[in-house]
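Paired with subunit B in one complex and with subunit C in the other, subunit A is shared by the two complexes that follow.
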Partner chain A sequence: MEVVIQQLVNGLFLGSIYALLALGYTMVYGIIKLINFAHGEIYMLGGFMGYFFINKLSLGFFPALILSMVGAAVIGVVIEFLAYRPLRKSTRIAALITAIGVSFLLQNGMIYWLGPEKKSFPQAIEFKNYQLGFIQISNIQVLILVISLVLMVALQLIVKKTKMGKAMRAVSVDADAAQLMGINVNRTISFTFALGSALAAAAGMLIGLYYNSIDPMMGVVPGLKSFVAAVLGGIGIIPGAALGGFVIGLLETITIALGFSDYKDAVVYALLIIILLIRPAGILGKNIKEKV
Partner chain B sequence: MKKFSFLFASLFLLAACGPTAGGGASGGGNKAEGDTIKIGMNMELSGDVSAYGNAEKEGITLAVEEINEAGGVLGKKLELIEKDNKSENGEATSVAANLTAKDKVVAVVGPATSGATKATIPNMTKAAVPVITPSGTDDSITVVNDKVQEYIFRACFQDTFQGVILANFAQDNLKAKNVVIIGDNSSDYAIGLTKSFKDTFKGKIAKEETFTAGDKDFQAILTKIKDLDYDAIYIPGYYAEAGLIIKQAREMGIDKPILGADGFGDEKLVEIAGAKNVSDVYYTGHFSEKAPATDKVKPFVEAFKKKYDKQPSAFNALGYDSVYMLKQAMEDRDSADSKEITEGLASLKDFVGVTGKMTMDKDHNPEKSAVVLGLTEGKETSADAVNP
Partner chain C sequence: MKKNLKYNVVWLLIAALAYAFIYILYVTGVITPFTEYTLITIGINIMLALGLNLIIGFSGQFSLGHAGFMAIGAYSAAIMSVKYPTMGGFFSGILLGIILSGIVALVVGIPTLRLKGDYLAIATLGISEIIRIIIINMKDVTNGPAGIFGIPPMVNWSLVFGFVVIVTLIIVNFIHSGPGRATMAIREDEIAAESMGVNTTKYKVAAFIIGAVTASVAGAIYSSYVQTIAPKDFGFMKSIDILIIVVFGGIGSVTGTFISAIVLGILNMFLQDAGALRMIIYALALIIIMIFKPGGLLGTWEFSVKKIVKKKEDKSNASIER
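Entry: the complex of A and B
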């Protein structure tokens, strides 16, 4: 029983990373119906920015976290401006292929620039273990969970309570109508990319700190899995993405715990197929028009 | 991406296999002409595993310089022709063709990795020019489908041998009766290591868990084994995942000894795991200054330090030995023609190198002892020579 609960706790931490990433997919999809496949690469860039801020500028973890979130936000906006905005009136498949292209460009650019080797992430926070009854958790795991939850709540507040959030919701319902009402659609979309990218960068840095290893291809698998998480929760729905992330994290941990570690990726993708077959709108999917 | 390039590489390999399959050696090999003996180097000097290739190049260059300063081989100087295979199997194949057909080398050293070496087999066999891979440990390099590859040799031991050494080390040195195996299920290297360990180890395998290359989270696996009764953990795999397993295991409070093969032998292992976590960790190495296999080690280390101003690694030593193995083969047969060198390598006996005293067995694998290196807080603190 203890082992089972410990495994569930493990899954929760893994899930919170997927959840952070899934939020970016869901928001971008919600607002311009684009699956931003370069999102996993923003996560990778976030990890690398953190690496440089801590190693080269000798910043602490939290200043570095904030800086790399800002940096990733800028990169997200630039990618949107250069790669997606010119294609906004084209077919959705054109934008999707461009996104895949951007993803390859970023991976290979980083390999060209820094080499393909794994780099060890600076251990900016001293590792400590806590024993809560029979459950063992480390300060870094707690940090991951707390930062993830804080960012998710903050995001929900931005979307629900601020003017920009209202604009985002308006654009997601009908961009043309929103424009007629005086909303600057381009700026709203840029803002969405900035938010999503900042969250991805935070996830990248947290994972770097947790596993102590970052490399240019690190975004591929988590990127795909958090995309599955976003679809699972109902793509375009923010709480759905968070829920989907946790479900995927738990599912993966349970699969390994049951001794099927070779099939853990297969199980995640099988879940995607099942959810698309029986409930295409996702767990929290409804037929109302509000997205983002 | 990786998967795709692998697919292409294997297609390449298959295509290259076609015409030579069943053909065997048809050419007459290359002969040494003029007043130099040309040997080729087919190395990973750029790309994914360039660290290995460049390290071996240092050893090879040093050996060639030493031999030439001492008067060369059979009265002729060695001429080294260096080529980069960019860590790609397809490129290694064309480098092999180039070296044998255009440069007319009498022997080739390299590639460093198993996959690339296997890719060069058809070309080298066709040209009837012998190859020594300094560090390709995959069993199926020298023996394919129970058939010994006539022109393919290696300077290192093979994977199954490492599994045997580690099993012996676990039961004799660590007195382990129960072992947990956490193995990479996605590489031939790790699968071979697991199998030969299980075949040799006399104790019990308390639990066997698997992962795939690229995995990062091992909490679930480690949580499962944490409270089991066992004496050591065996991790057949490469440093990237092994480093993460060591880190996560030690942080979780698992303090049992951890064993691995030469895939641990990279400083990245310690970097990824964090130096303070890497204690009671043992792995097989090809070479150690602390347990010198022969009296050649001291002069080699001194010469290496003088030339490169650093400590030699196992890859430096293996590259260095490969060249001296060629020299001995030429001298034994009193000829520098590729056919004769092949014969010489196949019957190499009691060759004293820096990585051990070796005799070539009938499968073209050198028989030599291995060193098991022990790490404490990330530093090499013990070295035991273990015999098979």
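Entry: the complex of A and C
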């Protein structure tokens, strides 16, 4: 029983990372119907930016976190402007191939520049273990959970309470109608990319701190898994992405706890296929019939 | 009928000429063991990319799981031909791969191809990863992550050539058949095709299975040629490599696939030591092509003997009228 609860707690931390990433996917998909394959690479870049800010500029963890979130937001906007905006009106396959191209470019660019080997992330925060009854929690795990929850609540507030959030929701429902109402669609989409990328960068830094290592290929698998999380929760729905992230994190740790750690990725993909079969709109999604 | 016979004879001649050309290259010593690798890789890539182009270019469904089906074929052929190191063993391995990949494509295709949009891309990517993870974990059969080595070499360039011709024939014939036209109608407008009475799921699944089977055949030939395979050879990167060939050639062009497989094959030979830089160039090219020519470099253009002959006839008619 203790082991199960311990694993569930561990799953929660992993899940909050997936949730942060899934939010970016879900917002971008909700607004321009594009699977942003490069999102996992923004997460990787976030980790590397944190590494440089802490190592080279000897900043503390939190200033580095904020700086790399800002940096990733800028990169996200630039990618959207250069690669995705010219394709707004073309086929979805073309946009998807471009996204794969961008993700490939960022990966190989980093490999070319820094080499493919793992780098150890500076331990900017001293590791401490706490014993809560029979459960073991480290301060870094608590930090991950707290930062993720704060960011998620902040995002929810931005989307629900601000003018820009209202514009985002309007564009995701109908971009043309939103434009007619005087909303600057391009700026709204840029803002969405900035928000999503900032969250991804935070996730990248947190995972770097947690596992103590970063490498140029680290974004591929978490990127795909968090996309699965976004689909699971209902793509385009922000609370759904958070829920999906936590479900994937828990599922993964349960699989490991049951002794099938070799199959942990396979289980996630199998879950995706099952979800697409029985509830393509996701857990929180409503099924919408396509109109001709 | 007679007219079609004429075109077929021309195509047969082109194939024979290509064969003779490669044969001469061999005899004159232009093709060394080093360049032979490039030649055979081009052949394998043509088969892989034709299958993927059928799925992406002709039926309009985006699959990212091609490497998974290639892995099924490669492992079936490798396991069978290690057990029975004869030509018969190799061919039964190919057959096993065809059956297995066909079944997997059917089981996976029926549910996922009902979905519209790009969920299919992620679903197929997931499937190919699942296949890879299963291969890694079936240690008794597949030797786990270390892979299989010492696979008896059964293929030479003329066998690869033969297979390329057969695969091309099957795919081109499918495209020009009734089901092929229905498949292309789905690509153009799925809802319109459906309302005209086309069973969209059926044709999408058919195209998907043919694509998967050709990938498996290509995988079988690959395993027998390189003689060592490991699960990591069939990861996401491999699927992207094939996608790059399809996109460079033209999404929906058989001719384009041939040209781009050949050009990229030769380019790869020279860029072999460039490593990450080569991938940067490819990625940039992918983005730039998509922005300026979203249908791929050649689009859906095809080299056609029929059109050339017809054009000449039209011209001669015009001159008579004048």
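One rule holds for everything that comes next: the second predicted complex is superposed on the first by the 286 of 292 C-alpha atoms of A that agree within 3 Å, B and C clash if a C-alpha of one lies under 4 Å from a C-alpha of the other, contacts with A are read in each partner's own complex, and residues count from 1 in each chain.
Everything that follows uses one rule, which is that a residue touches a chain if its C-beta (ideal position, glycine included) is under 8 Å from a C-beta of that chain, and two chains touch if they have at least 3 such contacts.
Bear in mind that the values here come from a model prediction, so they are computed numbers and not experimental data.
J.: Just subunit B (first), just subunit C (second), both, or neither: which does A:213 touch?
T.: In the superposition, A:213 touches subunit B alone.
J.: On the A-aligned overlay, A:120 touches which partner chain: subunit B = first, subunit C = second, or both, or neither?
T.: first
J.: Between subunit B (first) and subunit C (second), which does A:135 come into contact with in this model arrangement: first, second, both, or neither?
T.: neither
J.: Taking the superposition on A as described, I'd like to know which of subunit B and subunit C A:262 touches: first, second, both or neither.
T.: It touches subunit B and subunit C both.
J.: Kindly classify A:181 by the partners it touches after superposition: subunit B alone (first), subunit C alone (second), both, or neither?
T.: neither
J.: Between subunit C and subunit B, which one touches more residues of subunit A when both complexes sit on the common chain A?
T.: On the superposition, C touches more of the residues of subunit A.
J.: Determine, under the contact definition given at the top, whether A:153 touches first (subunit B), second (subunit C), both, or neither.
T.: neither
J.: So in the superposed three-chain picture, is A:83 touching just subunit B, just subunit C, both, or none of them (first/second/both/neither)?
T.: second
J.: Which residues of subunit A are in contact with subunit B in one complex and with subunit C in the other?
T.: Common to the two interfaces on subunit A: residues 104, 107, 116, 220, 262.
J.: State the interface residues of subunit A toward subunit B in the complex, per the touch definition above.
T.: Residues 3, 6-7, 10-11, 13-14, 104, 107, 116-118, 120, 123, 127, 129, 136, 138, 207, 211-213, 217-218, 220-221, 252-253, 256-257, 259, 261-262.
J.: Could you please specify the touching residues of subunit A with respect to subunit C in the complex?
T.: 33, 35, 83, 86-87, 90-98, 100-102, 104-105, 107-109, 111-112, 116, 220, 224, 227-228, 231, 262-263, 265-266, 268-270, 272-273, 276-277, 280, 290, 292
J.: Show me the residue ranges of subunit C that touch subunit A in the complex, using the header's touch definition.
T.: So the residues of subunit C in touch with subunit A come to 56, 60, 62, 108, 111-112, 115-119, 121-123, 125-127, 129-130, 133-134, 136-137, 191, 195, 236, 240, 243, 247, 251, 275-277, 279-280, 282-284, 286-287, 290-291, 294-295.
J.: Write out the stretch or stretches of subunit B touching subunit A in their complex.
T.: 1-2, 48, 51, 185, 209-212, 214-217, 219-221, 223-224, 226-227, 240, 243-244, 247, 251-253, 268, 271-274
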